[in-house]
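Reading through the structure tokens given below for one structure.
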Amino acid sequence: MNSARPELGIAVIGYSFMGKAHSNGWRNVGAFYPGGPTVAQRVIVGRDRERVDAAARQYGWQESATDWRAVLDRADVDVVDICTPGHLHEEIALAALDAGKHVLLEKPLANTLDEARKLAASAAAARDRGVSSMVAFNYRRIPALALARRLTAEGVVGEVREVRAAYLQDWLADERAPMAWRLRQEQAGSGVLGDLGSHVVDLLRFTLGQEVATVSGQLRTFVDSREGERGPEEVTVDDVAWARLGLSGGAIASLEVSRMAFGRKNGLTLEIYGSRGALSFGLERLNELWVDEGDGARRVLVTEPDHPYLDAWWPPGHVLGWDSTFTTQAAEFVHAIAEGREPSPSFEDGLRVQHVLDAIVRSSDLQQTVTLEGEPT
Amino acid sequence: MNSARPELGIAVIGYSFMGKAHSNGWRNVGAFYPGGPTVAQRVIVGRDRERVDAAARQYGWQESATDWRAVLDRADVDVVDICTPGHLHEEIALAALDAGKHVLLEKPLANTLDEARKLAASAAAARDRGVSSMVAFNYRRIPALALARRLTAEGVVGEVREVRAAYLQDWLADERAPMAWRLRQEQAGSGVLGDLGSHVVDLLRFTLGQEVATVSGQLRTFVDSREGERGPEEVTVDDVAWARLGLSGGAIASLEVSRMAFGRKNGLTLEIYGSRGALSFGLERLNELWVDEGDGARRVLVTEPDHPYLDAWWPPGHVLGWDSTFTTQAAEFVHAIAEGREPSPSFEDGLRVQHVLDAIVRSSDLQQTVTLEGEPT
Amino acid sequence: MNSARPELGIAVIGYSFMGKAHSNGWRNVGAFYPGGPTVAQRVIVGRDRERVDAAARQYGWQESATDWRAVLDRADVDVVDICTPGHLHEEIALAALDAGKHVLLEKPLANTLDEARKLAASAAAARDRGVSSMVAFNYRRIPALALARRLTAEGVVGEVREVRAAYLQDWLADERAPMAWRLRQEQAGSGVLGDLGSHVVDLLRFTLGQEVATVSGQLRTFVDSREGERGPEEVTVDDVAWARLGLSGGAIASLEVSRMAFGRKNGLTLEIYGSRGALSFGLERLNELWVDEGDGARRVLVTEPDHPYLDAWWPPGHVLGWDSTFTTQAAEFVHAIAEGREPSPSFEDGLRVQHVLDAIVRSSDLQQTVTLEGEPT
Amino acid sequence: MNSARPELGIAVIGYSFMGKAHSNGWRNVGAFYPGGPTVAQRVIVGRDRERVDAAARQYGWQESATDWRAVLDRADVDVVDICTPGHLHEEIALAALDAGKHVLLEKPLANTLDEARKLAASAAAARDRGVSSMVAFNYRRIPALALARRLTAEGVVGEVREVRAAYLQDWLADERAPMAWRLRQEQAGSGVLGDLGSHVVDLLRFTLGQEVATVSGQLRTFVDSREGERGPEEVTVDDVAWARLGLSGGAIASLEVSRMAFGRKNGLTLEIYGSRGALSFGLERLNELWVDEGDGARRVLVTEPDHPYLDAWWPPGHVLGWDSTFTTQAAEFVHAIAEGREPSPSFEDGLRVQHVLDAIVRSSDLQQTVTLEGEPT
């Protein structure tokens, strides 16, 4: 099959949960969003030769590799998609941008504010050289949330006042759940705040178009020791985090993220209350948006052709899964590159999120409200 | 119809919303809870002669009166049920206790912490003289919430960690809603915090059996001027209030109460997450309790004979309304009096709630976490 | 307390489940619907002297009696409210109408079509003498269903095409549930069809304003023998009934009623699909009506002042219980009497329902569709 | 990338809605179900050269073709996947089986009972020659429905008595919706009955493991003329169909399928009531199964590793979309082939469904119950 369309060679770094999800996006992007450049799944990179080889076969990659630096030298690789844990983000992403590769980077942007600043600065510099970058806040690609943003921007809810956001999981509710690298500060950077809180903060900015100005936060570790491979080990990150966020447009958002919320498997919920309407969303029913313009909340099944992204998918009523977000994310990224647009969310967006998370930690330590200052540079 | 049962003469003070609801309780208590003393609806008291007369006829009272002090002198009045606005609570309740009348008092206990302290002290003293008192936190009588308390006490959810509570209404969401006495500090004491927040704090104490130890709170008035009878007038109370409450047993509860939450009419919701289970409740569907002990949340229709209070009512599946809580509340009060038990919640309970509300205000002013000290005496 | 309003003396016959529910209506009608005649709870009638005496005290009746015929002779009794089992309906109601008493009669109208015809004819004759009668299809008084009728009549759903109705309970799902008089043909007349099916057929007529023209029905007894007091006994009525009803306006309604539907406690549900909209209702959440006019079904909390009956009750969001229907029913009856209007639903309405139930039985026997002919006289 | 695994060459016939969905399955089967043979997307076949060429590029096929007969001659094609309209099923499938190709055939099996019989006979004969076949009832691959089947088989609901099944859509609710080939008897075979009713009948057989023994059915066309390209044209198929099905195990199922149910986009719902439990499912929330074993229905989020198919997908709480069923279906088919097992559902299963649909039509014509006789051969 021949095609005159430009081709983009993709390399993905990482083959576990996120590597599988991103591979799914690259494998399917052309089938649902055919207008863009041809995507070639060039190479998947991982440390374990055998496992990365198996992943390559399974997920449709032409090759596998164990040395990500060598991959950056390849002329047939145009995009580097980084799915590693956070402490590797800075090194790989900076090198990839330096090598002139477009970079898609898993969230959160980095483990520390310093790293995040460097990444944002590098991305800005690379942009001037025609090199694109994007943070993989994939929930922006959920049609219902994209619709929430559209309706909010159109004024359907009026002036936003109260926002209630939560992301509740329960995989640590059982105190016998074992120790894991995600529960060690030095490897994971933070606990649930960075992992799930970063999603929530990004979605607040995305759906409302407002920045966070003030923060009152609190962190808590309910189970401070868990059984590791060599006996009990201290948990050094947060199990649950709360915050009230004062937003630039005058709204106040409450946020709660947890790995201890018994029974909640992937409970991302968002409620937006404005002067003329209200919106409500839940990730476990991700094809639905509740819209209240008075006289009761309407359950909108977000599968109509005029809903965001839906013309690419199936007829009305044929619901999408969580994995569809990665396909759409891949499309947004490569279409932007092909059209010379800035992909969004940028590393600067990722940095702004990081500033908010950092302020939540500081507020929790101080037990008082803190104000975010100036621009994230 | 003759009866050897003791008789209690009731006087209610107030004939508007709460007067109507309490009257409903007194009129029906014997029909659903027949074991207690006979209740005689002696007299309803109000300032407007014509209206209180009409209320007496409508709600089944034998007489009406305009002078509450004179009513306290009547030997055939045993119980005084105070349904007035908060700024009258102290004066009437103290006088009634002094007169040896059992007192049922609308929530919140008082407009200020000082008043609340006096009331609690007087109630304690009266108790020694055989005079009973109770605060009308009627939501304790919702079978689903009484069941939540029972299940929590039985350990069904294990150790409670996270609690999410909200009480959202929307009657002020429209900025054109007019000025009202409830929006003036000097009359109402506070805004949504005292009105709805007091319910939520009481329910946290009731369902969890824990006290509030630390508070981080925030108040907000979104519409600070509304059209009064003589033009624009300043709103001097809070429209929305938030708090994180550290509880004595180690749990953390988040609380949000609002009169601005577009589309929410009576949105009291409570979620309890523990180490082994979770509970969830919403007032607009008050006959249901969601119980998660693993493998999914069960929707329990709380209308079975072995559920709290249900043997007094209807067969399974025949749901109760909001007004049933006043009937049950009346029963709890008069049965306790007849049996020589302490009715609950006491004025001391009301005072503890007041301490928490006060701490929320202080925390909001200070923009930092405050600690509640010692016992509320 | 004096009043120039006319007074109506009420006698209720029966003191068990329905007697308790109707008493609740009479006790509260004046408090919620004050504009009508004064209602006096004159006398409650039952066979057991001791129990009826206790019922009188408990439910607020001035007297009790064991001989319903003697009660019909009393000049101070204006209304006879019949809450007995169906096989006594004909005798008591005919005598009461003859005695010039207004009659409120529990549903279904009668156990047989013949009895129903006689009752309808007597009621028509009595009407000419100024004597009123009504069948106690209390679900017509649920605000959400009254709203459904209003919206349908206003054309909100357009031309009605499909209707899905069910009334599912589960008290016979357990095959060890014992024998009861309701499971004997000679006493109960029929099984679930008469008990729950009569409600559903009445509601179809009420909400749609259409008559049933054709019927395809099926009855089934899943557990045909149950343990009685003297060993196993044959169940001679239906456990479950199904029907498709062709309606006079062209719609087709499917109906399913059951006492075997595991987990359903009081599962009356109604879905109406028209050319321009749809409505949906469930009795276990009786304060809600779902209204779809395109772009998603709105959950309408039917507690606003402009909703049917709501101005008599509580502020928005304060939900009603199942028992409120009996209060409203009492109001509708006595207000109609006072104003010289015909109360509705009439005995003729009850007869029409009976014709449909009878046709369902015939269709089930014949295993073919049957057509209802002519007028129910 | 080399692999010692056997390879299966796939040809798909059809490139519109179902062609896109099946292609999605073939493109992803290896990524989620890696244990089976390697799948090669050999060729996509369609009548329009340009469009089939575009489809090949978009959906990941190596080649395109316009002559399906020529494709049957290719040695590198092992599987023929037929996604054409029903009137072409017989010819293509018989030829493919004759050519020794394994056949996956879209539902319903055929437009007529005669065609269905021939197809089932041919499939049986081919099976003896080692040639496999399967009907694409993809909803069997929904984890929640596979779980429903498992739980029913394990006795969780006890003896099944009542089943309520519906499949409601609304794309014809608007009478101005134009004429289409699906509304012409000669092309479509039937209306909603064959299209959606076939799914429902298959799911009843699948989840319950019972056959249909008796049928009482009814068809209805509400809008009998629609605007075609040359003016008004008669609609010759059913808009809505109803049936009560007597099942071989004693249960009775009610079925309603519609294209006129305003507001329902893809409303497949299934409720199963047994002697000890109940199950409930809805396609618009396809990741959920409600399980009632007493004390309330549990909402089970069917995304746990021990739920059917889930170990192939994502961690708990990461929901699947409608399209996942085609991936799983492809896996079931090729794994069965590779392992020498019979894939299921077979053409005989398809024929049994067809017998039921045919009986519904006959019952509707006769207006009486009909009995299905003997085995479908």
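Chains here go by letter, A, B, C and D, matching the order in which they are written, and residues are numbered from 1 within each.
What we mean here is this: a contact is a pair of C-beta atoms (placed from the backbone, for glycine too) under 8 Å apart; a residue touches a chain by one contact, two chains touch by 3 or more.
Keep in mind the model is a prediction, meaning the values are calculated, not measured.
Asker: By mean C-alpha coordinates, which chain is most distant from chain D?
Answerer: It is B whose centre lies farthest from that of chain D.
Asker: Which whole number of Å gives the spacing of the CA centres of chain A and chain D?
Answerer: 36
Asker: Whole-Å distance, chain A centre to chain C centre, using C-alpha means?
Answerer: Taking the average C-alpha coordinate of chain A and of chain C, the gap between them is 56 Å.
Asker: For chain D, jot down the residues that touch at least 2 other chains.
Answerer: Only 264, 296-297, 301 qualify.
Asker: What topology does the chain touch graph have (line, ring, star, complete, other)?
Answerer: complete
Asker: In their shared complex, at which residues does chain D touch chain B?
Answerer: 291, 295-301
Asker: Enumerate the contact residues on chain D facing chain A in the complex.
Answerer: My answer: residues 1, 3, 17, 20-21, 23-24, 27-28, 30-31, 34, 54, 56-63, 169, 171, 264-267, 283-287, 301, 303, 314-324.
Asker: In their shared complex, at which residues does chain B touch chain A?
Answerer: 157-158, 161-162, 164, 166, 168, 170, 173-175, 216, 218, 220, 222, 240, 242, 244, 250, 252, 254, 256, 258, 260-264, 273-278, 292, 294, 296-297, 366-369
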